[in-house]
Amino acid sequence: MLVAEAHAGLCKLALNRDNADTMNFASDNAVGASPKVMSAIAAANAGAAMAYGNDPWTARVERQMRELFEKDVAVWLLATGTAANALALASVTDPWGAVLTHEESHISDDECGAPEFFTDGAKIVGLSGHGGKLAPEAVAERLARMPHGNVKQVQPQCLSISQATESGLVYTPAEVAALSAVIRPRGLALHMDGARFANAVVALGCSPAEITWKAGVDVLSFGGTKNGAWAAEAVVFFDPERGREMPWRRKRAGHTVSKARFVAAQFEALLTGGHWLDLARTANDHASRLAAGLGAVPGIRLGWTCEANEVFAIMPKGLAAALRAAGAVFYDWTDRALGEGNRPAPHESIHRFVCSFATAAADIDELLAKVWALQGRAA
Amino acid sequence: MLVAEAHAGLCKLALNRDNADTMNFASDNAVGASPKVMSAIAAANAGAAMAYGNDPWTARVERQMRELFEKDVAVWLLATGTAANALALASVTDPWGAVLTHEESHISDDECGAPEFFTDGAKIVGLSGHGGKLAPEAVAERLARMPHGNVKQVQPQCLSISQATESGLVYTPAEVAALSAVIRPRGLALHMDGARFANAVVALGCSPAEITWKAGVDVLSFGGTKNGAWAAEAVVFFDPERGREMPWRRKRAGHTVSKARFVAAQFEALLTGGHWLDLARTANDHASRLAAGLGAVPGIRLGWTCEANEVFAIMPKGLAAALRAAGAVFYDWTDRALGEGNRPAPHESIHRFVCSFATAAADIDELLAKVWALQGRAA
Amino acid sequence: MLVAEAHAGLCKLALNRDNADTMNFASDNAVGASPKVMSAIAAANAGAAMAYGNDPWTARVERQMRELFEKDVAVWLLATGTAANALALASVTDPWGAVLTHEESHISDDECGAPEFFTDGAKIVGLSGHGGKLAPEAVAERLARMPHGNVKQVQPQCLSISQATESGLVYTPAEVAALSAVIRPRGLALHMDGARFANAVVALGCSPAEITWKAGVDVLSFGGTKNGAWAAEAVVFFDPERGREMPWRRKRAGHTVSKARFVAAQFEALLTGGHWLDLARTANDHASRLAAGLGAVPGIRLGWTCEANEVFAIMPKGLAAALRAAGAVFYDWTDRALGEGNRPAPHESIHRFVCSFATAAADIDELLAKVWALQGRAA
Amino acid sequence: MLVAEAHAGLCKLALNRDNADTMNFASDNAVGASPKVMSAIAAANAGAAMAYGNDPWTARVERQMRELFEKDVAVWLLATGTAANALALASVTDPWGAVLTHEESHISDDECGAPEFFTDGAKIVGLSGHGGKLAPEAVAERLARMPHGNVKQVQPQCLSISQATESGLVYTPAEVAALSAVIRPRGLALHMDGARFANAVVALGCSPAEITWKAGVDVLSFGGTKNGAWAAEAVVFFDPERGREMPWRRKRAGHTVSKARFVAAQFEALLTGGHWLDLARTANDHASRLAAGLGAVPGIRLGWTCEANEVFAIMPKGLAAALRAAGAVFYDWTDRALGEGNRPAPHESIHRFVCSFATAAADIDELLAKVWALQGRAA
């Protein structure tokens, strides 16, 4: 049975619902939970616990987060990444505020206006930048066009960056600090959309503290779902005071899960013994091998360097179609964040392949084998 | 370790986080998931599936719902009951609309303004009524004070009733139909908050169709969480066209769960083989026995008849305190929906005891034994 | 030509558009502007001035307001009273906040949800009270049912009172101070809807300062329109810091009038030489005479004492109909804020007669003559 | 006395409040009302009239509008252009909708998020285009990137164009029709921001019908304020059904003026005997002469052709400063909508000079004389 078209960003994909198991590189949310996470969910099922976060699991995760970030932080657990982003942005942006972000960021393009809804109408201002990354100069230039106190214009109050970006690139601590330096004089808050935070931390080899508050981040959307949970996200405020409105914002958005221990249990499993980093490392390693494999095929080149768990390959359109016919699942992608010199030729297209903790080496082997077979035939 | 005060409605409760397991009558959301539901979650973990509801689990639940309600329905799965209510209301109410409801209903009193948020500012108009139920006369009287087309006033567009009510009472199909008859001429939609829909259906012994669309209900919040799921709610539109905006409303509210198969798997387990009704029957039976037991104790009387899975007991304040000291967990309650003749005397207070699928007969035995011991001593 | 039904509150009125000039007691917004105000508008028409309030007229009115209130105040000029109320409330109430007010207040019943719109969804909580006035006890009782910090409930953040009330009564400074004392410990702001502020000040014979900030009022909607302007309202913050968001709130609501000098010129005319008080005194005196006249007619009694410029008369339904047939214009009213003992009998109804600065003594004479003629006949 | 900095768009301006009368080219909202309009306001002051638009003036304007547009139209009168735009957009755009518009349009850049506020969070998507105009190709390209039914993205529902544009250019009926043809298949509504509609109609020499509904416009913001009224704007729906929600939208936004006859009287004066076109013709003619005069000065060139009542001059920065020192009032402007080849050189800047019905020939003579004197000296 074919599902209705499923859209992601500008791309679409038709998939047989009953056969999505092999060579599925559609997204890291197409897989289930890691066995450890699933065990933790099952273990949390015993006995009674108070609802709405007043439970020992939640308290333990809060403690883990403080240790992880080497700092007193305010942590709010949620079930979806869109809720995490939108609540984080609303906490630091007035209805007449503006959030500067990359024009292809998830908050700008893939959340159906959730940030506008949660902020009661703030403006999401999209800037361009290579590979989904924002340069300090681009931010400074836009800020200069939004003079402080101009009553006719919304007021810039937040800069939101994605870590890793929608193109799979990673900001270094120095790059984050440089952005922070640009916005500090104007008082903007710095938000990091960390739907793939784990993949970025593994790629950087730094501590969570170094890439967040030590580099100037004020609030983090800390994603667990794409990294092996089934529904576990957190908003982390590095200045706990900034989250003081969260109890009400979360509740009135319907995001205060009643049996909250189950969300907390997932995070607890992820954060215990570095499980979250192990999962991300597996995903990144797979992606790295896939990128190397694809990049070695004549006629295929990478859109951007593979820095985390996503591979963007520019290939002949016929090859992409043939791969799909052979059962591979992956998304079309947009080439807007590519540099001018790297755009697909008319006979080419760009596609995204995402690896997860659950990707099997065999999936990659099978895909590469198909590519070589097809591309050899094509050549 | 004592948690911070946890509030529910007008009531508060202090609880030892590490010892909430016995005589816990706080709420049906204080327990975990039923073993069958938990097995279904674990089973859903195998393999890849498309995200956001484009998965076979969701398709199967949609089919189950159509069979259950004997009708083509539009079904939207969600993780929280507040989201279900608020999205349902927003689908049938303009920002300048009004929702008539009982003054103590969950949407009016316990969702921190979620209906106002999701409807972009509609007015929730609270009416009084015995035991959380609304009488057709009360609705008609209020409608008469909100003349059609008056530009200065918000326009009544929805009537929302709770099934079972916040006082544990149940509307019969005839009672629902009578309310529907009052609002039809004015064009209001009829919403049923079925957070405890299963308990009501079991109590009524009727079909889901008879107590919903056949009685005039347009949209139902179908609760699974309090009935043995860990996070599974649905909005069911009996005219599928009424739900046409739901894809966008749900997405922009951050309630489109990515690994949606896990929510669907819970509902599938509940609806398969009448499991949802079995769980509710267990809860109702426990509550019935508890009500009978408490009602037989000298000095204790019931606030309202126990019709579903909640027992409201009026007792001496000292007894309530002693029960808590002995380890029982239950909420203080408000007496506003009591009839004039049944209000607590100055030395009395009213309390809610909720039974769930997971309540043990031993919990009830233990509670009743404590009551008799304490009340005997008190007398 | 008959207009479509025009509704006000719960009441309706059909009126010949081309003949609304005599015995028109419909509302104090049914008349034009005072000659002095109109002259000021015309005088402001000369030459160029910067837009959006950066003009000398606005600066002068700000100075006048500081003198009038004997205090540094932040003043924001607007064209409608609904905008003034809604912006004032939004300045002191979060989206998850609640505004306590009388159940028949203008903000609750006559602004089509503007407060909900401007606050992004706060809840307007209506309390009952004789003659549109709130008693400290009623406010305290309601606050007790909204415990501080309860995440499930909206948080009370503002108390809004009408001066004069919808029933034409006036709060004394002591009464306002008593309300302020009740809400201070909970941190609510005190808002005064002064659509008929001038009438109240004249009735009280006190200074504007005494009945506002000296009695605990934080923000005032200062009405000019009903008192002889054609469109001039102000929000006055007695702590200027509270109005710091107003530039953006006003602009994004479309209420920053470009040729703002014309609004300012109206207020300047009103405040110069006590013109605003003279106009209100005229209106009050007319109302006083009308009240005395109607109250003296057998079969007619007043709903509430006439304290400002509105008269509420309970009379036989036939008499009201006959008066209308004779050309008098006045609204039906609601009897909910009457005391139990004073409700209209089945053959009676209650009606509102409003006097303004432009009411002519002849209008009152004519009305009373009609009443006597009709009632004599009826008796 | 110097006012605080007054901002317009990206530009700022310091002005002596007490001396803004000569060589004031700041904006067409820096002048008062035309004598005929002011007389109409004064004439409307006699007698009583029902409030909120139930008056004969409003009825007459509605009739005039139907005649003017040669069609049954729904007309809603307002006091500000921002309200007109925001209410028009909200009437045709869902909260999850997107409005495509020029990136420098008033709704995008100068209304502090009013469209987002009134639409409850829709997204304003800015496109680039020469001189503030949108080309059909640019609209088509953007629409192609927003696929129909994609749940992750807001849905394009409206195209908004400015007539005349922020750069003073005018769309021809053929150009509007071409835009309409692009959006029809996707079901977007076409909104025209006609803050300077009169200037455009005069420039085009066509009928109001030809440049609006006959070319595909669904809803028009019809500006009176910049054209000689002091506060008179209208939203005109060419399909009256589209405006069915306006009574409530307008009321809850606080934009239902109580003494509405005064707004209507202004429009009546404008529309009677073609007064609105006479005023616009005067403004356009002045601008045309100013453009010719400035364009003839060595070292000065026009940014865009002067098609309506605005002149954009690129000149040496020193000259602009000297002109201001000499008393001329005009805004700095942004050069983003200039073609690449026409950008100001480093020593140059671009400035806007607006003419209105009240501009005196002497103002232009004086300005041009100053320019020649200064530029001669500079050369």
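Per-chain residue numbering starts at 1, and chain names A, B, C and D are given in the order in which the chains are listed.
Just so it is clear, contacts are C-beta pairs under 8 Å (C-beta built on N, C-alpha and C of every residue); 3 or more make two chains touch, one makes a residue touch a chain.
Keep in mind it's a predicted model, so treat the numbers as computed, not measured.
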Each chain counted as touching subunit A and subunit B at once: C, D
Chain labels contacting subunit C and also subunit D: A, B
B-C against B-D, pair bridged by the larger set of C-beta contacts: B-C
Distance between the centres, which are taken as Cα means, of subunit C and subunit B, whole angstrom: 41
Centroid distance [mean C-alpha coordinates] between subunit D and subunit B, Å: 52
Contacts with 2+ other chains: residues of subunit C: 52, 95-96, 111-113, 116-117, 120-121, 151-152, 154, 248, 251-252, 256
Graph class of chain-chain contacts, one of line, ring, star, complete, other: complete
Touching residues on subunit C, where the partner in the complex is subunit D: 1, 3-4, 6, 15, 17-18, 20-21, 24, 26-27, 29-33, 38, 41-42, 44-52, 54-56, 59, 78-87, 111-114, 116-118, 225-226, 230-231, 248, 251-259, 261-262, 329, 358
For the subunit A and subunit C complex, residues of the former touching the latter: 52, 94-96, 120-121, 151-152, 154-155, 245, 247-249, 251-252, 256
Contact footprint of subunit D on subunit A as seen in their complex: 5, 7-10, 12, 95-96, 109-113, 116-117, 119-124, 145, 147, 149-154, 334
